[in-house]
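As structure tokens, the structure follows; a few thoughts come after it.
Chain naming follows the written order as A, B and C, and within any one chain the residues start at number 1.
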Amino acid sequence: MKKNWPLWEVFVRSKNGLEHRHFGSLHAADADMALENARDVYTRRNEGVSIWVVESKYITASNPADNGELFEPAQDKIYRHPTFYDLPDEVKHM
Amino acid sequence: MSEKEIKNLEAIFEARIARDEKIEPKDWMPEKYRQTHIRQISQHAHSEVVGMLPEGNWITRAPSLRRKAALLAKVQDEAGHGLYLYSACETLGISRDELYEQLHSGKAKYSSIFNYPTVTWADMGAIGWLVDGAAIINQVPLCNTSFGPYARAMVRVCKEESFHQRQGYEIMLTLCKGTPEQKAMAQDALNRWWWPSLMMLGPTDAASVHTEQSMKWKLKRKTNDELRQQFIDQTVPQADLLGLTIPDPDLKFNEKTGHYDFGAIDWDEFWQVVKGHGPCNKERMNARVSAWENGAWVRDAAMAYAEKQENKKVAKAS
Amino acid sequence: MKNENLYNYILGIADNSLILGQRLGELCGHGPNLETDIAMTNINLDLIGQARSYYQYAGKLTGQDKSEDDIAFLRLEREYRNVLLVEQPNTHFGYVMVRQFLFDMFHFMLMEKLQHSKDETLVAIANKGIKEVSYHKRFSSDWIKRLGDGTAESNAKIQEAINDLWRFTDEFFQLTEADKAMVEVGIGVDVSKLKEDYYKKVSEVLEEATLQTPENKYFTKGGKEGLHTEHMGYILAELQYMQRTFPNMTW
């Protein structure tokens, strides 16, 4: 059985001060090649100053079917947001 | 899952799309949605990759270094766009190799326009101007399509593609400002690429089998005929500016509708090319298949090397 | 021409980039997969960019307002000064990579030295070019290792390409009359001095790639003097097709 080049996810920092952002994916035989391919595919227009690559199979993703229990409980915790608290307009710098 | 449960999920799913929510790869989706997306996204990817060939044909003969660099960059972008689109397709649970297999066996289609030959340098201009022009009209609405990975790929594609059409039009403009010989070359290219470009926007609404479902899933925002009209309306003035004549004696601005009326499209030719009997179908497919087959030992070697390196690392660590 | 030696010296460097770019141009759309295709086109674009900078500079030296395209497209075969290696055909991916690797290793060393030329324009081109070439060298060296130490088939194929192309490497280190004149005034690089280091570095990569360094002592040369292999005429036929068929037009 022939093995195909695995899939990698590419994360690019567009400039210092910004986080690495998911840019897309590509195929490569090894990590060095994945980095080089990422450079050639995703930064042709000067889009990046730093690249991360990770083989897609190492990403653990949450299951959308669990979204209810994972994310909905956070929806009613409105006291985590500044607007929850009533203060008079005269209070400054807060 | 019972039939009733599936119906229920489908209803929730359709409602999400109707609310303009995006669908992501791991979300539940009807099997038909998955299959339709695999078909359309891969067809789009194949078109980018096969589309490299007619223009690639002129890289070594480009008339100036500036043009050579621009053409190379453009053809390279098409490889990139193919790659983005294959990646989007892969999130639906099919590998790029399987998609290639479908292309090479003739099971998958690609845009029929790439089965026409590029015979003069002016064809590089006409393709950029007309073919990319028609493609943009098709693609811009897809930036808002319902499937997240496809929409994101299209945003990137559209951003990068903006130079392609300008590149083509500039070639035409230079030819039309040049010698009579050059202008004739430009006119000849327009004559040959005009009708195929109109066909590229797809069969008429009456003959289009997927339109209704695709509109619902936002894979299409406008019908083929609407897109074609939009293309003609925006291209005619551009041809005027070049001083070129569009090869359609019935083309006329209709004051009442505010659009151009145009002559009958030869749909027999369209279907002939789609069915594999265009001027270059065989050549295009041979080129793709032989690139893939000739590259097999290279891809295998890289994989074997990677495994060896991995084993060395493991041996060192233990 | 006042600066004929400098002009010829520049062409000796520029034509390598142009002709290798022309060869790589044949491959665009035909690579072993999309990623590799894109990567090789990036190399090609770097090379064409470099060639343009050199030709623009050379054009100014002629004193006749010659454009980069006049120089790139409108010379006779005997007036092209590229080394023979870069005009060798894309027989298979192994040949493409070996040709690239053997050239990149030399090109990088040349750029390193050219950064210290007394000619400011050449220094500027070399300063920009060395970063590109450094990446080319890394890319092609990595591939030599993958193909050399990959499968038995790839090892045999790449070894075949090395054995075939090896005879073109010695030409890098030959000095033409223009080279000598430019070395003398501190503008040109004395390439003969790069030879030992070149073969040492090349063998290191080959060894890591489990490949044999050929022992062949017979070398072919002539490109730098404008005497090319039979392939060159066909390369120029394509390169010059438009300019020759439609002379004196703007594109």
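Convention: contacts are C-beta pairs under 8 Å (C-beta built on N, C-alpha and C of every residue); 3 or more make two chains touch, one makes a residue touch a chain.
In this text, all values refer to a predicted model and were calculated from it rather than measured experimentally.
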Taking each chain's centre as the mean of its C-alpha atoms, which one lies nearest the mean of all protein C-alpha atoms here? B
Based on CA centres, what chain would you say lies at the far end from chain B? C
Here the gap between chain A and chain B, centre to centre from mean Cα coordinates and rounded to Å, is 28
Inter-chain centre distance, chain A versus chain C - centres from mean C-alpha coordinates, in Å: 41
Note: chain C sits from chain B at a C-alpha centroid distance in Å of 35
Going by residue number, chain B touches two or more other chains at 76, 80, 83, 299-300, 302-303, 305-306
In chain C, residues with contacts to at least two other chains: 33, 35-36, 38, 42, 146
Could you list the positions in chain A whose residues touch two or more of the other chains? 5, 26-27, 29, 33, 41, 44
Quick check on the complex: what are the chain C residues that touch chain B? 22, 25-26, 28-38, 41-42, 44-45, 48-49, 51-52, 55, 68-69, 72-73, 92-93, 145-147, 149-151, 153-154, 157, 238-239, 241-243, 246, 249-251
Of all residues in chain A, which touch chain C in the complex? 5, 26-29, 32-33, 36-37, 40-41, 44
For the chain B and chain C complex, residues of the former touching the latter: 49, 52-53, 56, 59-69, 72-73, 75-76, 79-80, 82-83, 86, 121, 171, 174-175, 177-179, 181-182, 287, 290-292, 294-306, 308
Chain A-facing residues of chain B, complex: 24, 26-28, 76-77, 80, 83-84, 87, 90, 95-97, 152-153, 156, 160, 299-300, 302-303, 305-306, 309-310
Residue numbers of chain C touching chain A in their complex, please. 33, 35-36, 38-39, 42, 138-139, 142, 146
